[in-house]
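Note that chain A is present in both complexes that follow, paired respectively with chain B and with chain C.
What follows is the complex of A and B.
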């Protein structure tokens, strides 16, 4: 057994609201597990619409996670390593999707890339229709999950500091070499946990997706959209699929914690 | 490679210049906050001075004047490697790959740079630790790897920022010995607090106080005949400044110190220094009678152990006495005492 430092000065009553909070979060999970129709569980989650939605969700979430990494890593590096006027404002704006209601995000995307949107008309002229396509699903997911990666990575970059980068430069390494061989490897755990969080957020994305991409089986109907649609018509299927997402979420949190654990 | 530096950094109150000859090792000594690390940052290109010039072997690296930077070579193109107190080995690379980092960045192939790296590890006596991750190295081993890494980058100028300050006292001598070997014939600037570093590593000493150079000379000379309070303290010597008057040093408060003149004879009115060892100072509660000694009235400020002696520090100078003598005098800070030193123990020279 390991010895543990004793907690001092914690008031006894604090455990009451703490326990209440934990119950409030965990009880719904128990409720959903209790509601699962175990006898038909496998057929329910392997029906054609379920498989199509699951497959689409996995594909789009993976692509949007890759996009988050490609665009979010440079963003986090610029935010963490440079100083310029208005940087604070810019950081807040970039992180906006974190607090913005997803429906609003979807609407904003629609008025940007939709048929009559800011850029949509140009795209239409080229024969590209983004709204209500699988590409729209990816864009909606990327929009809402990017801030998770940026926040997580910027924190890791600030914690790592610039000291190793300075040493690398005085050893003759140019900025690109320093970025590739020192900066990135040092924040890899933070990057991984950020990417895992972004993937989880993309997988659960609903509001922005239905607004911007709709819910067409096989093209834009992701797992959360399917669950929402079936909660009335086929509650047993909705609950079974919901459990799949709960399991994925638990696995993801396990990964993210592990990633964070190895930063120190 | 010769180095010429002049730099003014207003924010940090630094305004100094000095030079380093080809293959020479110069120690920059000075109290905390004197501007030593600022100088290294300017040299490495990490800090742009408000005004200044850095020229290494005829190549201008920094040229700033009138708020405009005419030349400002980025750190990775300067050929200047920096070794700090903290070894800062890249934690994700093995010791060998840490050392190979410089050659690799310089365009050498993987195998070639590893080969060079293992040669450098051998030279600093940690050849057997190449496979280890930095987290599995002791402080002394890590600093040796850091030395190898800095040297492997083949810098034209090597900067050492208190390279032994973070190490245990018992591993310092061996590393100092290694540094002495690898720094020979290498143009180096070493910032240090330690008088041994100055004596054993450096050919020349530059003493910086309040952002300016107050002394610049061969290590042995500066330590034997300090001209600044800091150098005197480092050398463990008492230093009194005054004017040459009637064959003696007249201090500000009217006291007079007799001594042996070293070097050129001062003329009346010249500013001169009187230097002597703390062990040459005797302490009395009452003024002694009938001895041909210099006598100074002063107040005790500190009483502290120093090896097997007790150091009594006063407003003016320090005295080292035996524990027995200190016990007999029972001195505490604030006591008025009379300090005396024989004229034959005092060296007097021009400031």
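What follows is the complex of A and C.
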């Protein structure tokens, strides 16, 4: 990184705001670490409610990531490899959860899959009740994290180009074979980093979850909901759990960076 | 293009700038109040502003424990009205009050159900049914503590589908029809109007939430803060509170 800066000759002053920005992002993390009650750290993060929340968060985020891959990969491929009228609009709409306040996402899900929602009555008739279940948590997480996977995969697909796919097709490979044997392996690093990002976003999801799924230990109380609940009555526990989330996020971002680095 | 952008910016900024100018001349009184006091304190503030020319009352509503933690972190508050005595105790423990807190209202829990009462709830014992989707406050917040106490008093074990962080969250789950029943304050049921139905809860009479109010030490406008407290305790303040369903403090 530094060598590149030297060759292009960055103006010296640019490092001042850059450093300021870095401090602005990093200092709050330092503040969290400074607040941790290290003597009780282990008991705090291994209490019954903490373990239940962590376990639930990991399980639901994993399922959400799988759903994001199953639905997001085809979506990214369609967006990257086809052209049709209204594609730009469709892309913006699909990416909407990226910028939408999560609470709004939760309300939207409630009005769709809730008991009195658009599809809720149909689901009720089949005996399926989604609200207040772990399934609701998964849906909220999938809703907010899907765009992360679609964006990074679509970018990877566009960068990779269609050359090899065209060659494979002229050599007689069918569309499914091309997709499975050429396209997917080509963008695998991008897919992995997208999936990791989606997982991280699902892990941190809070607003849509509390709005749509509620909060109950062991069923719908994810790590972020527990942190929110504990922050007033048991700040020490909240801080300890926050640190756990920060560490997981850092590890995940490290993974994502590695995945992306190998594409270059 | 560039000119239109500039013009748009000027139009957008103009009211903000003039608003700032007007604010400087006014005295602003910062009142922190429990979320359940939202509509009543908005009315009280209007009366106060009418009586005091040039005074602007700025209201901040949140859960009582949130209010207390922001005041302890140094928030610029002149008056605090909280929804239970325990949170007020944290203020007095830190010596942040200007005088003794005074109780100004009480509130009790009531069962709240969606219009038409689809689950046919008639009383507290019905809430324990396994097919009833019950939403209550988490035990960490005042309404949840009161719920737990009623449950202990009556020996009825509740199995809620969700424990929410505030009364508003419980109400939201009931008005949207997701939950069959919830436990919120009488005043919340009244405020929600036709969106919900309230069911009397005689068991709640023994579990009363008392609302204390206090002028804060770091105010810098002690007289004005005390006058606001007096207004809440006085006839017009009490009338507004009674209209919303609050009972007078004993």
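The rule we apply is simple: the second predicted complex is superposed on the first by the 256 of 264 C-alpha atoms of A that agree within 3 Å, B and C clash if a C-alpha of one lies under 4 Å from a C-alpha of the other, contacts with A are read in each partner's own complex, and residues count from 1 in each chain.
By definition in this document, contacts are C-beta pairs under 8 Å (C-beta built on N, C-alpha and C of every residue); 3 or more make two chains touch, one makes a residue touch a chain.
The structure displayed is predicted, hence computed values, not measured ones.
Colleague: Please work out whether A:164 is in contact with chain B alone, chain C alone, both, or neither, and reply first, second, both or neither.
Modeller: first
Colleague: So, A:132: does it touch chain B (first), chain C (second), both, or neither?
Modeller: It touches chain C, and chain B stays clear.
Colleague: Does chain B (first) or chain C (second) touch A:16, or do both, or does neither?
Modeller: So A:16 meets neither chain B nor chain C here.
Colleague: Where does A:233 make contact in the superposed view: on chain B (first), on chain C (second), on both, or on neither?
Modeller: After superposition on chain A, A:233 lies in contact with chain C alone.
Colleague: For A:185, using the defined touch cut-off, is the partner it touches chain B, chain C, both, or neither? Pick first, second, both or neither.
Modeller: Only chain B is touched by A:185; chain C is not.
Colleague: Quick check for you: in the superposed arrangement, does A:99 touch first (chain B), second (chain C), both or neither?
Modeller: Touch partners of A:99: none, neither chain B nor chain C.
Colleague: Looking at the overlay, what does A:39 touch: chain B (first), chain C (second), both, or neither?
Modeller: After superposing on A, A:39 lies clear of both chain B and chain C.
Colleague: Let me test your reading of the model: by the given contact rule, A:25 touches which partner, first (chain B), second (chain C), both or neither?
Modeller: neither
Colleague: Residues of chain A touching chain C in their complex?
Modeller: That would be residues 110, 114-116, 131-132, 210-211, 213-217, 219-221, 228-230, 232-233 of chain A.
Colleague: Okay, in this complex, where on chain B does chain A touch?
Modeller: 44, 46, 74-82, 84, 86, 88, 90-92, 101-102, 105-106, 149-150, 153, 155
Colleague: Tell me, which parts of chain A touch chain B in their complex?
Modeller: Interface residues on chain A, with respect to chain B: 163-164, 166-175, 177-178, 181-182, 185-186, 188.
Colleague: Over in the complex, which chain C residues touch chain A? Could you list them?
Modeller: On the chain C side, the touching residues are 63, 65-66, 69, 133, 135, 138, 140, 160-165, 169, 172-173, 176-178.
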